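Chain IDs A, B, C, D, E and F follow the sequence of writing; residue 1 opens each chain.
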Amino acid sequence: MGLVIRNIPRAAPEVIDALAGFGVATVHEAQGRNGLLASHLRPIYRPAAIAGSAVTCEVAPGDNWMIHVAVEQCRPGDVLVVAPTSPCEDGYFGDLLATSLMARGVRGLVIDAGVRDIAMLTEMGFPVWSKAVFAQGTVKATVGNVNLPLVCGGALIHPGDVIVADDDGVCVVRRAEAAAVAEAAAKREASEVDKRAKLAAGVLGLDLYGMREALAAKGLKWLDEAPDE
Amino acid sequence: MGLVIRNIPRAAPEVIDALAGFGVATVHEAQGRNGLLASHLRPIYRPAAIAGSAVTCEVAPGDNWMIHVAVEQCRPGDVLVVAPTSPCEDGYFGDLLATSLMARGVRGLVIDAGVRDIAMLTEMGFPVWSKAVFAQGTVKATVGNVNLPLVCGGALIHPGDVIVADDDGVCVVRRAEAAAVAEAAAKREASEVDKRAKLAAGVLGLDLYGMREALAAKGLKWLDEAPDE
Amino acid sequence: MGLVIRNIPRAAPEVIDALAGFGVATVHEAQGRNGLLASHLRPIYRPAAIAGSAVTCEVAPGDNWMIHVAVEQCRPGDVLVVAPTSPCEDGYFGDLLATSLMARGVRGLVIDAGVRDIAMLTEMGFPVWSKAVFAQGTVKATVGNVNLPLVCGGALIHPGDVIVADDDGVCVVRRAEAAAVAEAAAKREASEVDKRAKLAAGVLGLDLYGMREALAAKGLKWLDEAPDE
Amino acid sequence: MGLVIRNIPRAAPEVIDALAGFGVATVHEAQGRNGLLASHLRPIYRPAAIAGSAVTCEVAPGDNWMIHVAVEQCRPGDVLVVAPTSPCEDGYFGDLLATSLMARGVRGLVIDAGVRDIAMLTEMGFPVWSKAVFAQGTVKATVGNVNLPLVCGGALIHPGDVIVADDDGVCVVRRAEAAAVAEAAAKREASEVDKRAKLAAGVLGLDLYGMREALAAKGLKWLDEAPDE
Amino acid sequence: MGLVIRNIPRAAPEVIDALAGFGVATVHEAQGRNGLLASHLRPIYRPAAIAGSAVTCEVAPGDNWMIHVAVEQCRPGDVLVVAPTSPCEDGYFGDLLATSLMARGVRGLVIDAGVRDIAMLTEMGFPVWSKAVFAQGTVKATVGNVNLPLVCGGALIHPGDVIVADDDGVCVVRRAEAAAVAEAAAKREASEVDKRAKLAAGVLGLDLYGMREALAAKGLKWLDEAPDE
Amino acid sequence: MGLVIRNIPRAAPEVIDALAGFGVATVHEAQGRNGLLASHLRPIYRPAAIAGSAVTCEVAPGDNWMIHVAVEQCRPGDVLVVAPTSPCEDGYFGDLLATSLMARGVRGLVIDAGVRDIAMLTEMGFPVWSKAVFAQGTVKATVGNVNLPLVCGGALIHPGDVIVADDDGVCVVRRAEAAAVAEAAAKREASEVDKRAKLAAGVLGLDLYGMREALAAKGLKWLDEAPDE
């Protein structure tokens, strides 16, 4: 009762790499403040910054069998995205699976569960964003789906969507929107260069963004001293 | 319906710097085990150790407008303290705001919410103690208060209080008590030098602190072997 | 109403050191996926990897008196294991106690509560696995037991059991089983060398472990394209 | 930048009512153990048991404006499903909105955030499944989408899907599968009548389900007494 | 090093009773959406609705000594407010203390920690809002302050402030503002009578509150059908 | 690799029933404030109050097979105690298993995981203390141990220990100590009758327990008015 889909569409490599360069915060803003995965998904080491095409993998609680199945579906430039069918923090993934994924050119793992062997994964330079670090071993008894849409960290992810992950967390970009988002992110980043320079020179955001009038209109008042309580 | 207070009292710079040197654990002990903010406020990088005068900033959930307002009220040596009016882990603060604060000589940020761009903040050397790392963007729609007392991390903070923050977390010292606390902390630290040397030489705390009698009086017994269950 | 047991059995030093080398994930697998402490016990710095004989210490909430008592019972190669009688995240332990433990040759601390002075502990190279980092000071008013069995992080620990701790967390091995577990871990590790090489060379786990037939028997199907929804 | 979809497909009323009768546990089993929302969504009073067609409503954190918009799209037999774009436990919903929904024949609310006025909602008999009870008021400043797919409680929900909710929590059934799931649930329930009678009469599940052989095959052993430790 | 303040100002009884009648949600709105305590403070039984003057009591973790001290300072119409100096969920309070408080005419307890004997408290009709239900007993070893300001559930509470608590949680009203807040709450409630009637009759909030134009101005669009994805 | 122990010792029925009558708070005090399970174990309905002999059952995450095995080992007056080998909140237990346990005279269930069918369990009057209510179904693939010691809710439980559970939570009493604990609890309860009467009559605990001197000795001071800040 599990399905594995062999062929999934992927975004253009240059778009994916551009998104990696912009990072999670900029990409998520560029697509209208959408697509963030929950903040409990944290990198096992820092700094780490990648982007890649999602290969999605559904697992049973305490059962990592389907990760072995998913490995075969991964190609260079992919990011494996794993979510359990009910909450679990077991250590589904360790250095052997990472070795296998690195051999296939996979860029990293996002897992809404636990991971182990993190000292080794750190040495190997294989980045993981996980809900927990936990050595608890898993069984191999239940099948699930690979490369069907799933919810990971509260976000819907289709196979082939672009996953962007860095020290700030993880963001998903719809494959069909990836190029447009990259373009919007580039514009946003360009506009920030100038702003950053001005702010560094001491210009206030209040003036740079022209906020004073709107704040006053909302009733904000400046007093020289605190009123008596 | 928001107020911004322009002038707040601050503690003497040399007192503030002394408190930074003692660190959170010592300062909190020196003032009678008071003033700690909740342990969920963690530094985004380590090591980090600062002290400064609190500029307080109340924000609406998912709305960072007032941080822009608070920046203008910050002076060299300050620490910005931000708390939302209801629990929120959105990413209120990133590298642009940090650039602005650094331009004003601000020493760090304490925020009972989320922060983003932490790779950049780490590179810039701008320390932040936050409840979460989360890229979620915020809006600019609601006004609040700057430099009125607020509760952050479960602790009451007045503008101008001294904020001490390091790898152990965050502590607040009332402005009027800062000098006395610094003095008490200095004494505590001095007394620890000798203790540390004795403990390092193998003297037991039981003997150094003369605890054996009090323990026995409370009924503590030493047995050579565990009793049969 | 507290007891301190002076003499506890300990495992052979070479067995303990072997277990340290294998690490938490391998050791826990080698003993049938048992013995892990809860994942909320995290190291204060990384990497860190130790093993040692458990000296167990029960403390009252917000009261670290018994840790001072436990120090005296520690010998070179031990690991101090502390658990409060009700949940608490106060900072029971800091650099002075660490100095004392290091003077006695203790290898580390596992505490289901808070720890402080972590910048100093990191510099000293004294590893701690704790539930929280929190500077909150404690009192010295209530006695408890040292070297009686206790539950720490959800796991039962007898004095003299072997504690293995690394970046993945903490595991306990029964003293009487330590040699057998070390042997099983050695076998497991040896078998992984060959697997790692094959996986690095691109052999799939599906083939290496011969999983394809079992997966198909469970009903897993491979499709070239996703079915229409 | 928000969209409101006026016309959504709905499942047949008799299918929806049948699903309500089976309840969450049976329905979720009948569709292959899928579709549960996270366990943090709890009813504000018990017992409560409904099913209805999902009208989906995305809201900004601390902003309930879109719920007012969604009300207009609700028809008799619907269930309103609300999810914030970032985690929030503010009290988005109270007795006035419930009055409005009841006037439109709506059967209940599922909200991955907070609710208030629960004493009144309980008196009115308007059931709510929420993440929190919290009186915190919200603003009306940001628009979002109504009747587009969203993730609520970690589950993907399409407008028009059937929501089943009772004391056990909340489950979603795809609209197109609702009839088949209701049929499967009916079979499951029928088969349980006989089982329940046998179990009540003292027949063991081990015998009723014929588990003894499989257990023994997995290595389970029965001993008269516990082995010596 | 503890202080007990014998005389505290209290609000007028008729104001306090009026606030009880309005309830937490209305009162908190009437004072500008301020004053809520954290949502983790939940009533041990429902329905429950009180208001009273705060007698504040600071306790050490796992130590309920000061509650006995605070009882003496309570008068008819008061609400006892207890907060530990570091997070604790021990059962500080049970039926004996409740008997004592009821004998003094106290209306209820708000405690940012645990409570026990809740079956009996329910029978006695003594309402409690707590962070946890936990039987863990406490010691009597450390003194603290009674009737000094404290932070409870993240909110600053002065002795004599009015505590309003019901099924929605707990709210604090500054004593000096209590009469004005009661007046504002009365107006708010009056205005809701008419609104409730209209909403019950099927008038939409969109029309009642005249929201359509503002929504459209923010870019909200209504479509008859969902756009193709 | 699982063991089922058929014969376990049990405490005398009259002792068990006496412990049920005293309740969790009194029993836990009577045995020196020991034996409480974690406060996250909450009853699915209230009031509920039982005591019985523990039949212990270890389960794999997401796998309830061993509960079926444990049922056979239960006798009239027992309480089934279930703990997963890694954290899990799946719905291991529902009305069919409850039917089976009731047929065997079992008094209730304590489970450090999820439960479902709670509306039915409530109607049937079968009490359950659980970590979560969650409908998530489980598989039957992995064996474990029945009637070996296990840790549940952070407490060590031996088969045959007495489990006392009521609205305050769950407590374990060692079988060999049950009679003595019941006797101590009886004394404690007797002493409380008189105290309760005095407190109800307005006698202060400060006087009843003679605390004033000890408080003053610790430095507590009473002031008529708050000192100026």
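We take it that contacts are C-beta pairs under 8 Å (C-beta built on N, C-alpha and C of every residue); 3 or more make two chains touch, one makes a residue touch a chain.
Just so you know, these numbers come straight off a predicted model, no measurement behind them.
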Given chain A and chain F, the chains that contact each of them: C, D
Shared interface partners, meaning chains that touch chain B and chain F: A, C, D, E
Would you indicate which option in D-E, C-F or C-E repeats the interface seen between A-F, with over half of the contact pairs matching by residue number? C-E
At what distance in angstrom does the C-alpha mean of chain D lie from that of chain B? 42
Roughly how far is chain A from chain C, going centre to centre by Cα mean, in whole Å? 30
By the touch definition above, chain D meets two or more other chains at residues 1, 33, 36, 39, 85-87, 89, 134, 136, 142
Is the way these chains touch best called a line, a ring, a star, complete, or other? other
What is the complete set of touching chain pairs? A-B, A-C, A-D, A-F, B-C, B-D, B-E, C-E, C-F, D-E, D-F, E-F
Going by the contact rule set out above, which residues of chain B touch chain E in the complex? 1, 32-34, 36, 38-39, 85-87, 149, 151, 154-156
Help me check something: in the complex, which residues belonging to chain D touch chain E? 1-8, 65, 68-69, 71-72, 89, 91, 94-97, 99-100, 102-104, 114, 116-119, 122, 132-137, 140, 142-143, 147-148, 159
Can you tell me which positions in chain F touch chain E when the two form their complex? 23-25, 28-29, 33, 36, 39, 42, 46-47, 49, 166-169, 171, 192, 195-196, 199-202, 204-206, 209, 211, 215, 218-227
Note: in the complex, chain E contacts chain C through residues 60-63, 85-90, 134, 136, 139, 141-142
